[in-house]
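Take a look at these structures.
Okay, so chain A shows up in both of these, paired with chain B first and chain C after.
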Partner chain A sequence: MIRHIFQLVWNKKRSNALLFLEIFFAFAILFLVLTWVTRNLRLFSTPLGFETENTWIVHLDFYDAEDTLAASETKVRLREELLAMPQIEAASYGGDVSPFSGSTWSTNNDNNGFMIRTHLIFADEHYKDAAKLKLVQGRWFDETDRDARYKPAVISKKLFDESFEGRNLQDSVYTINGENKIVGVVDHYKYHGDFSPEYNVTFFYKPSSAIDMPNLHLLLAPGTPAAFEEDVNRIVADVTGMSDFTIEHLQKSRDLDARSVWVPMVSMLSICGFLVLNVALGLFGVLWYNISKRRAEVGLRRTLGASRAEVSLQFVGEIMIVSLLALLLGVVFAVQLPLMGVLEGEIEAYDYYVAMGVGAAFIIGLVLLCTLYPSQEAGRLQPAIVLHEE
Partner chain B sequence: MIQLENITKVYQTKVIETTALDNISLEVPEGEFLSIMGPSGCGKSTLLNIMGMIDEPTTGQVTVAGKLVGNYHSKATARFRNEQLGFIFQSFHLINELSVIDNVELPLIYRKVSGKQRRQMAEAALTQVGLSNRMKHFPSQLSGGQKQRVAIARAIVGQPRIILADEPTGNLDSAMGNEIMDILMRLNQEQGTTIVMVTHDETMARKTHRLVRLFDGQQVS
Partner chain C sequence: MFSSYFKLAIKVLGRHRFFTFISLFGISFTLMILMVTTSFLETELGSHPPLTEKDRMVLLPRLIMKKMVTDTTWSVDTTMLDGQPAYDSTFTVGKMRQNSYSSSSLSYSFLDRYMRDIPGAEAHSFFCADTQFDIFINGKKLNFKTLYSDAAYWEIFDFKFLAGRPFQPSEVERQVQVAVLSRKAAVDYFGTTEQVVGRSIEMDGKQLEVIGIVEQPSNSKGYVTSEVYLPFTLMSGSALTETGFHGPFTAVFLAESPEARATIVEAIRQKAGRIPLPNPEDYNKLELMPATVIGLYAYHMMPVQDDPEGALQMFTMVAIGLMLLFILLPTLNLINLNISRAMERSAEIGVRKAFGAHSGSILAQLVFENVVLTFLGGILGWLFALALIYLVNDSQVLGDTQLQFNTAVFLYSLLICLVFGILSGLLPAYRMSKLHIVNAIKFNAL
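Let's look at the complex of A and B:
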């Protein structure tokens, strides 16, 4: 029976070509969109690694300060005054590269005999508490690091796994951006957002007083009202004498950043949904048309001994064979992307294979859904009636 | 071989009720070549369809090859039809997308005969109707007479005990019609196949063992 259906499909290759192309292109588009969606969902599923709820960043600018010593003292005093307020649980100064800012500073080298690729971030000894970072090894910076012989560094677990797995971190000196001693490893730090790939990150230490640490991270007590911003604003203005600083609510920045991915993702999925609906209607229409054109054939087959189920199965089988062949061609093309490492780093082979599987399963499900009813109807045709029509 | 007892067939719509067959009782013994004649719309094809178990009588009983026909839509009836009956139609009903030999193999597919055996049986049937040289051709490449011979090959490929032919010469000229009739008569004489043929052609009907005439759904002779 299967050979017979293959033969019919092959002999009607011209009329099946359009359906074949429709399925092929539907799969191709679905595959591309699903790859992107899978990638985004995979990235979204890994933790951000730092706190954004109840976290504000005060963006200050001390670069133009003529008296840098006074500016340093101002910075320290500002932090102390803010910390004196019960609503503020932790405060920390960071470098220019702050979360969701889009800024990046990265470096790579093989000076150690193995390749290190990493993004660089400056933080003070309080950042672990202000950002609620999770350490998986070692420690965060402390006061002793100010006078350390080698610059202390804290790296992300991803960098550790990639470049330092099996190497001795304890008391070893590595060249990252100058000679460093790695003192700790943090679990995650996706500072480009929820949908960003997790880059290798190295934190370098700088004290709170450094004037090139302009961003003041504040961790607020849960339930602190938005109106508290006025108090912060007043204290910052009073202590620094500045008026051109901004206060960023990190959760809002995070949401905004996420929205820039969610919106196009939902839009693309909606377009895909529309496409799939069209394919479904097309399939349904093609099958109805086929059956109405082949009523006499159905009558003949039933007369020659085909059961209702066999007639239904034949129509489902024909469409399914065309669909599977189209999917096979689609998969042959699709599998080239992971094999050739297209967009490696941004998209993993896992994303391609999941999208391939889900896309193919979805198309097969759709084809089955669209063919089942018309095929059943074909099986119900009365041979005496349809043969008489002819 | 075929027994019809008090067969009535009524087609009913919301508006009108049409009696296609009115209390027909008929027996076709094994090996008989029976023809059924009558004007258009008298119920000939309906009677043939009921004999072929592809239509259900409103009332009455049908016995084919010793089996009382019960559920007309069951898988078992489909199998029984496949094994016991061969069908020939006025308009041939060949599948244009299949080659001649694939068309002939069709009943054997539903009998789950292996591919190799199917091919052998189909070749033998086509040889029997003189079309062994046209096996790879498609129906569109054949004349009307050749198409009907393919249809006969398809009807006999499963070696059925009964052949039901609905105006097999109706679409053919007289020479081709005679050719088809000769094949049917040969089948009946040499293999003992029971044949019931609906025809409009008196000359063809006279070549058969017995002629039954219908008029307005009733048997008149």
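Let's look at the complex of A and C:
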């Protein structure tokens, strides 16, 4: 039976070649788009690790201060005044690198005898509460860290897994950025956005009063009205005497950042959907037409004792063989990408294989859907009528 | 002749409604997407205000400092020499390796000192597009992006002034408190764009007199899109006096012609090698990254570090590749359908051939019919495209970018239709025109 169908397919190789090409390219496009979508969704599924709801960041700038001591005092006073308001639950100063800003500070070295690759973030002792970070080991910074002999550091679990698994954190000093003592490990910190890979992160301690800690993170009580922002603005302006600061709503920045991936992703998927629908309709049309041209053949087979199902199966089989061959070729090409590790680090083998599987399954389903109705119709043809036509 | 072809084409289309629907669906959606893409590219990369002279511009958005070190590996061999152990040490000097890396926009003092006399540049401007202010007016927060520039900025970027004028060199020099607003900012702040010139806006603790209102740039480029434009001498703090190389400034140079840009790019690169670094302990290599407008656009989209030209090549390749892949599928589909449909007409073609028609004229007829079909689909696609562009602009999914559908896009679309029609009609028509008369007349015997 299979051999027979192969023979039939081969006999019509010229018209089948086009079908073959069409399915091959449909798979190729689907595979590429789905790989990208799978990667994005995989990254999207890991938690951010810090709070964005009800979080504002006041972007200040103290670098121009001539009297740094006065600026430090202003900073501390500002934090206390804001914290005194019932709407503000926590307040913390952070370094220049703030979430979703796109800025990065990274370092790597092998001074400890093993490789450490990490992004650097500066935070004060209040940041854990302001961002609701989750610690899986050790502790967050506290007052005592101000005069610590070795600069304390808190690393992310990802960095821990990559470089510190099985090493002693308690009594060792490691060189990360200067000589550091690792005091804790946080769960996640994906500060480049929902669709960004999680990078290794190390937090370093700096007190709130430091002038190179310009970003004031505020955690608001749930349900704080938007109008409250004007009050915050006024207090900041009054205390600091500055006017060129801005208040960022962290959730908005997060949404905006995510939208820059959602929009192209949804447009690509819709374009893909259209292409596939187009192919499906075309397939349906061609099949319909081919079957209507082979009515006599169907009549003859039925007269010679073939059942309806056998006739239908023949048509489905013919298209299926062509489709499967095209998919096979597609997979042979597609599998090269994970095997050669194309874009390794950005896209994992997992993404390629998921995309391959989903893409192939989708196309097979589609082909089945498009062939089923015309082939059934073919099975229903009355031999007496179609042979009479001839 | 073509009128009869045309009549025939319409008749054929009416014969099998279902097939016509499938073809038109494919054609119109394909063309719609191509038209919207063209419109997007034209909006983002076309020459319209304030970037009419974009092909003559060279931007300098980035200064890179690196520390390059060479690794030296020592190895000691011990050998027995005359019964005594001897040590033989050798070392190999490895390749230059990058140790530290720092990349950012530039400081005003650096630009002022080194970038004023670039050969080949007709004009240059330094500006800072990096500041934002929150302004509260009637309980509503306005976030105004502010661009500080010199007066030359307005000569290089030809903004369309709805009212008023740009600031003059003398005003910049004397730190006159004047501001140019974008249309959106004027509407947000004053509620109108009428008679706003001469009124004042309170910002940054200053009362700034509005002297001009500019039309919103249609495309979203950080170095032209802003709400407020101020003389750079109004910048507060040490932004202008700081002597480090990194700062918030970007430079733009205007070449005499698009070809002359290469001279400027080369001159900037060369210059980087001759500038002494202030802190050779930390960084010992200075690089400048000049970029064309399109190069910088590609640079922001492609994961290429510090290389706008490489990014542009990659961007072009990816765009062409995607486009081809995208057109290929509907074309194949249409060819497939067309072959099926044309077979049906083999008898007609056989008769025409029997009466002396050349293969060429049959080919022309079938391709013409397909072009008619494509143009019908094109009209539909054009309507869909207009609707989609309207939706995209209305919902602001692209942020500030407002897609346009202008004559250029329309002409491109016509071209796309024609190419698509010929491409998808040629193969089926060729096959039909080569049919043998006897076989053609004997329908079904293919």
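Note that the second predicted complex is superposed on the first by the 390 of 390 C-alpha atoms of A that agree within 3 Å, B and C clash if a C-alpha of one lies under 4 Å from a C-alpha of the other, contacts with A are read in each partner's own complex, and residues count from 1 in each chain.
Note that in this section a contact is a pair of C-beta atoms (placed from the backbone, for glycine too) under 8 Å apart; a residue touches a chain by one contact, two chains touch by 3 or more.
Keep in mind the model is a prediction, meaning the values are calculated, not measured.
Of the two partner chains placed by the overlay, neither chain B nor chain C lies in contact with A:Ser196.
Contacts of A:Leu275 after superposition: chain C is touched, whereas chain B is not reached.
When both complexes are overlaid on chain A, the residue A:Phe25 reaches chain C alone and has no touch with chain B. In the superposition on chain A, A:Thr68 makes contact with neither chain B nor chain C.
Of the two partner chains, chain C is the only one that A:Glu230 touches; chain B does not reach it. When both complexes are overlaid on chain A, the residue A:Ser243 reaches chain C alone and has no touch with chain B. For chain A, the partner touching the most residues, choosing from chain B and chain C, is C. Overlap of the chain B and chain C interfaces on chain A: none, as no residue is touched by both. Against chain B, the residues of chain A that register as touching in their complex are 1, 3-4, 7-8, 11-12, 296-297, 299-310, 382-384, 387-388, 390. Across the complex, chain C meets chain A through its residues 18-19, 22, 25-26, 29-30, 33, 131-134, 136, 139, 141, 143, 203-205, 236-238, 303, 325-326, 328-330, 332-337, 339-341, 343-344, 397-398, 444.
The part of chain B that touches chain A in the complex is made up of residues 45-46, 49, 52, 54-55, 73, 75, 78-79, 81-83, 87, 89, 91, 93, 95, 97-98, 102, 106-107, 109-111, 115, 154. Contact residues of chain A toward chain C in the complex are 15, 18-19, 21-22, 25-26, 28-29, 61, 63-64, 227, 229-230, 233, 243-247, 259, 263, 271, 274-275, 278-279, 281-282, 284-286, 289-290, 293, 346.
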